[in-house]
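The structures come next, written out as structure tokens.
Shared chain: chain A. Partners: chain B in the first complex, chain C in the second.
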Partner chain A sequence: MKNNLKVLRAMRDWSQAELAGHLDVSRQAINAIETGKYDPSLPLAFKIARLFEQNIEDIFDDEFAGE
Partner chain B sequence: MPYDPIAPTQEERSNIYFIQWFGLAASIGMLIDYFAQLSDSLAQMLFMITSAILMITIFSKRFDEHFYTLRDEACRWVIGFMALCMIVASISTIGDLSEHLGFWSVIGEFDLADKDSFLFILPPQLMMILACIIFFAAIQIKSFRS
Partner chain C sequence: MSEAQARLEKKEKIRSNILVGCGIAGGLMGGLLGYYAAVNDDSHAIFGNSPIPTIIAIIFAIFWAIIMPIICHYWYKYVDEQEMHSTRIGAFYALYIYMIGAPTWWVLWRGGLVSEPNGIIIYLITVAAFCIIWMWKKRNG
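== the complex of A and B ==
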């Protein structure tokens, strides 16, 4: 699943480790999410959305939406 | 969310990914020692390191969901390896089984405790080592590829 987590993180000038600290996950997990290798669980997706004060669908792009 | 005084930090959560490399290295070391018979002390040390890492990896709940996904995938690989070994073992006895069935159809006796039966099963220690290597390798492969 595509996402703009990297852009949002850059806007706040956070490193992957800093973002991971805010979300209580590892730096590797953030890297995997940003590169699209791993889709976060719903609780983690909500946590990310709350942290950046956005809706989940504004951060994560469902490639199959509209098909 | 209530305050957890022993909650793992980001660094602690990240460390488990690095520890897996030590597990893979120790497992490969065990395999080398198994065939080369280098040293009993070395083998014991590698077994202790590998088992400690496995225990932490399997039973600790101080990691994140991404690592749990990798760990679950690695467990699937190990179970698949065991199933493959069992398939090979069962296929290797088909000839013996058909021979037994042939005798049974003629004589009426079916001796399951025939000591001459050939069952292709890897030595337990080697199977254990291979399972460890597959587990740690699967975590690394999955983390790069997924």
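== the complex of A and C ==
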């Protein structure tokens, strides 16, 4: 799933390891999410949204165009 | 370093120590069997089905049946969801390789086409499949 986690992380000037520390996951997990290779669970997606004070759909794009 | 990063590094260090500990334990067990094989001139002692001394069998059984579950319990306390995802996918494919491979070998053996199924070879193939897929998923999400 596409996302703008890398941009949000860069805006706070955090490394992947720093973001991983805030989310209590591994640096590899952050890298996998940023590159779209791994979709986080709903609880982790909420945690990311709360950390960056954004809505989940503003961070993650499921490419569903809708009506 | 922030408190969150320090906590993360501590978890990674614990995981690394568990892996190193398992590696050392595996090395010691392999070394013990290797020593037994060398002393008794038994080249099949490590992966074959030849008899081994009762005390070695008991030590190995204790490791696999008692110590390994404890190690696994602690390992999974310190992994994140992406690692668990990789583990589940690895286990899923390994199970199917076992469920398809073991009976296929068994019926082919009964039909006189291949040699008798070897439990330890089936075990090693299953574990190898799990490890390869787990590592691949861990690196590629």
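Here, the second predicted complex is superposed on the first by the 65 of 67 C-alpha atoms of A that agree within 3 Å, B and C clash if a C-alpha of one lies under 4 Å from a C-alpha of the other, contacts with A are read in each partner's own complex, and residues count from 1 in each chain.
In the analysis below, a residue touches a chain if its C-beta (ideal position, glycine included) is under 8 Å from a C-beta of that chain, and two chains touch if they have at least 3 such contacts.
Please read all numbers here as calculations on a predicted model, not as lab measurements.
**Q** Kindly say whether there is room for both chain B and chain C on chain A in the superposition, answering fit or clash.
**A** Chain B and chain C clash in the superposed model.
**Q** State whether A:A32 touches chain B only (first), chain C only (second), both chains, or neither.
**A** In the superposition, A:A32 contacts both chain B and chain C.
**Q** In the superposed arrangement, which partner chain does A:A20 touch: chain B (first), chain C (second), both, or neither?
**A** Both chain B and chain C are touched by A:A20.
**Q** Is the number of chain A residues in contact higher for chain B or for chain C?
**A** Counting contacted residues of chain A, the larger count belongs to C.
**Q** Based on the superposed arrangement, let me know which partner A:P40 touches: chain B (first), chain C (second), both, or neither?
**A** The answer is both, since A:P40 touches chain B and chain C.
**Q** Determine where on chain A the residues touched by chain B overlap those touched by chain C, and list them.
**A** 17, 20-21, 24-29, 32-33, 37-38, 40-41, 44
**Q** Given the complex with chain B, which residues does chain A contribute to the contact?
**A** It is residues 17, 20-21, 24-29, 32-33, 37-38, 40-41, 44 of chain A that touch chain B.
**Q** Contact residues on chain C for chain A in the complex?
**A** 2, 4-8, 12, 80-83, 85, 138-141
**Q** Can you list the residues on chain A that touch chain C in the complex?
**A** Listed in rising order, the residues of chain A that touch chain C are 17-18, 20-22, 24-29, 32-33, 35-38, 40-41, 44.
**Q** Along chain B, where are the residues that touch chain A in the complex?
**A** On the chain B side, the touching residues are 7, 9-11, 13-14, 16-17, 63-67, 69, 143, 145-146.
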